[in-house]
Amino acid sequence: MSAEKVAFFILSGLTLGGGLAILFSVRLMRAVVYLLVSLFGVAGLYILLNAEFLAALQVLIYIGGITILMVFGLMLTGPGQFVNPAESRLKAVAAGVSSLTTAIVLLLIVKKTKWPAGTQALAGDTTAEIGRLLLTDHVFAFEIASVLLLVVLVGVALFVRLARDGGKP
Amino acid sequence: MVAVEKDVRTDELVINMGPQHPSTHGVLRVVLKTDGEMCLDAQPDIGYLHRCAEKIAENLPYGQFVPYTDRMDYVSGMGCNMGYCMAVEQVAGIQVPERGEWLRVIVTELNRIASHLLAFGTYGLDTGAITPFLYGFRERELVLDLLEMLCGARLTYSYIRIGGVDGDVPPEFMDKLKEFLDIFPKKIREYNKLLTYNHIFMKRTVGVGVLPADVAIAYGVTGPCLRGSGVRQDVRRDEPYSVYPKLEFDVPVGTDEHGPIGDAWNRYYIRIRELEESAKILRQCVKMISPGPVLAEKVGRVKPPAGAEAYTRSENARGELGFYIVSDGTMTPARVKVRAPSFSNISVLPAIVRGQMLADVVAIIGSLDIVLGEIDR
Amino acid sequence: MTAVRTYFSDVFMGLWTALVGMSITLRYLFSKPVTEMYPDVKPRTPTRYRGIHVFEEEKCIGCYVCAKACPVDCIEIGVVRKGKEIKITKFDIDYQKCMFCDLCCEPCPAHCIHMGPEFEKASFTRKGTILQFATPKTLTEEEKKVEKVARK
Amino acid sequence: MSELAAVLPGVLEKAGWSVPGGLVPVLAMFICASIVAAAMGLSAAVLVWAERKLAGHFQCRLGPVYVGGKFGWLQSIADGIKLLLKEDIIPADADRPLFRLAPYLVVLGVFLAFIAFPVSEKLMVADLNIGIFFILAVLTLEVFGVILAGWASNNKWALLGAMRAAAQMVSYEIPMGLAILPVVVEAQSLSLKSIVAAQSGGMLRWYVFQPPFFMGVSFLIFFLAGLASLKRAPFDLPEAESELTAGFHTEYSGMRFSFFFMAEYAGMILVSGLAAALYLGGWHGILPGQSGAMWFLLKTAFLVFVMIWLRWTLPRLRIDQVVYVGWKVLTPFVLACVLGQALMAYK
């Protein structure tokens, strides 16, 4: 077994194990840490695929941004550090239905997509390639994402201002 | 089973600041109610340093209480010595010789410099600048060396005695004092450059903890804190005692040059300007002092007439220090009451802290410049 | 417009005053430190320094005036008086209590107690903080009967 | 690392050890990792001493003088030993696993970042083609550790420190990341090696001195944002000792505390080194033709000195001011720099 394969199994183990641990963890903060482990595994997988830029993005945005925001939110919301899955039957049913649908949709997508069968590594500088693609073929998606983020930003600023000025716009 | 929170909510956080906290300037405890970084309420909780000083005074002969007054405002013990001795002298009808009065003013002003330098340094610490603290202490050491040369102690002087002072100055004292006064203005300019006009420092203190003049007066705030609010009140000028009528000095008050009157920066800056004023007073004292006795003769055992009482006001580094003494005709006073300036000054804290941020609470407490030994006595 | 001006002046002043402050600290980086090397170099205490007492036993007349003047009652004196002969059997000062106020030295009629230059008398035991200034003496039975020990 | 992997088989053969070929890269990895760890620990120790000594002299004091001769050389080693021997206290109500994990995360973040640390052309663990980006990415791990430490301590002061750390981090990651963009635009690469290589040929070719100084301003911004992300004064709010007693590491003691300490100092070297490589020509000397690890270390040392100098001069900002400076001062300025540099590159 080559070193790459060992690394692959370790990393995917981290990813999946982290994901499972999130599911079975009742403490929110620990769940976030497991999420960190899982995301780290994904970043490692990207590196195995020679997509270093994506790996760094994964770490920077998901670990440095998203999880920190999650922790920030947790810290701001008082002492409740536990979740109780059995708290309400309705919620459990709703969660079950929604996760089942998501799973089905994902599986369908996985089945329908034609995965490239090539195993050779991408040649050259992936960073430059990503940049080129983002500003040429996928420029529309790129711009849509930027507009969405801008809307969010302005919206948050508006809400904060409303709260500060006592409800008057 | 673990505890279950029904709902996600943001909470007010009650924080206990002190009694062991780096910037409560002693054993003050402040119960803070905060919402994130915002401070909604602050209740100072005092009494951790209570030593029954007033009750001790009622059980000691008049003269023996002087060392205890050192330990009230331990940063400017001379001022407390002076306040107490003035009260006793008034109640027992003792006249202090002229040179004694001059020396008293010299040592209290020196002590005021030492105290304000400490306030300057610790205020730097409170706002996160550590170096000004050491610079302040460097000059404070010079003052303490002078006082040590004079009375043998660096902090708990008990140099001012009933009827005068304990011994004339040593021969080299006046030269050393002049030397100090020569280098001191340069150092003050340096403090201003390093801290006072530092932009970060000004952003941290200008407009923070604004204490309007009427609120200050209502709470009985005195000293630099009141003057920072723009009220020109100074016992040395309004109700002159000792040789202050012969001296010329300004009473600096807060201005709206850099921000609202009565903010933390103004309170801080008043102290810096009072350093200059004290140095000015000292320069005049060095010139005007004349030889003579320093201690009233035949003070011996102080035994005021029964029923005699006196309240004296004096301007200590922190504000108006009052001593009220009632005599019952014995060797010990019937009642001694101390009006400690820090006590009134800290009482204003809840009124000016609301709506400020957590870091401002520290800046405000620092700008009030309290001494817990005096608050709790 | 003023908002814009304050914005830029804030940015500029922030940087400028930081530089001014840094110039001051840099100057002191190369100046001579003011540290006192205390345990290596003993500080010279001024002549009026109020440290541990100096007691001249041969001068003492055992009058208890110093003990009476002490606000914290930390002086304990034992005297044997036989006619004109005075023997100081005990002169203990409890430095846990003493506040070095100098009030004991002033009223002494024989000028036998002074504040000394010494200040290093830390001890690991409470007993060690009570200094015995009188030379130890063996007393006769008769002397023991007339010995007066008091802390007034 | 690749060089090491290349020469390693020969060395091993000479020593008379036989290692299967597949294990050679792994061995090289381990050797590199231990060298980085040792260098990090040692430089942190030296830096702790230097900071205390400099702080002393800035304040007219002497700093450490006793341990190890006249200048107290061994002070930080002695402190380290003391910290290792101290009792490791975990508060009763702390979240124990997370409390234990946090210091390791902090150290791990800085440690990983050193992989792409460009000391000289040869002295570099790995020349990643996303070098600078990689460093910024793994540094966020440190912040996560800090926040975790504050939260897991179950102490109100620590929690406030962690909240400040989070707010500060989110605000300063952006100007810091954007500040490297002008350099990247100019050098056309994210690899630190090629960025430094593009600045060869004397002091005037350093990016910081390139007119019209878009990169000069972004150097300043990078340095300030770096200070903020390191939690160094005047941005040391997460551990502001006069407000939060000790902030996020209030409850830590002994070895775990020393981990935070080490990470802070290693982080100082990291940010200074990065700034030196990105804007000050890395291993290139002042005159054309000069180069070597010495130059890089000198520049890094100078920037570290400036950090120490700033800390012992300036008061601390307030949290709203920190966020204000991050969003309303540094970000617009750095955006202007990026725009300007991009316009210059667009011909």
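Structural remarks
Per-chain residue numbering starts at 1, and chain names A, B, C and D are given in the order in which the chains are listed.
Keep this in mind: contacts are C-beta pairs under 8 Å (C-beta built on N, C-alpha and C of every residue); 3 or more make two chains touch, one makes a residue touch a chain.
Please read all numbers here as calculations on a predicted model, not as lab measurements.
Of the two chain pairs considered here, C-D and B-C, the higher C-beta contact count falls to B-C. Put simply, the chain farthest from chain D by mean CA position is C. For the pair chain C and chain D, the distance between C-alpha centroids works out to 49 Å.
Centre to centre, using the average C-alpha position, chain B and chain C are separated by 24 Å. Separating the centre of chain B from that of chain D, both taken as means of CA atoms, is a distance of 44 Å. If each chain is reduced to the centroid of its CA atoms, chain A and chain D end up 27 Å from each other.
Multi-chain contact residues of chain D (touching two or more other chains): 58-61, 163, 312-314.
Looking at chain C, residues 18, 21, 24-25, 28, 34 sit in touch with two or more other chains. Across the assembly, chain A contributes residues 76, 81 that each touch 2 or more other chains.
Only residues 54, 56-62, 65, 309-310, 312-314, 328-329 of chain D touch chain C when the two sit together in their complex. By the touch criterion given at the top, residues 10, 13-14, 16-18, 20-21, 24-25, 28, 34, 45-50, 69-71, 99-103, 106, 115 of chain C touch chain B in their complex.
Within the complex, the chain D residues that touch chain A are 22, 25-26, 95, 97-98, 101, 128-130, 133-134, 136-141, 143-144, 147-148, 151-152, 159, 162-163, 166-167, 169-170, 173, 177, 190. On chain C, the positions that touch chain D within their shared complex are 7, 11, 18, 21-22, 24-26, 28-35, 37. The touching residues of chain B, counted against chain C in their complex, run 60, 63-68, 70-71, 131, 135, 138, 141, 148-153, 156, 158, 166-167, 170, 190, 193-195, 197-200, 203.
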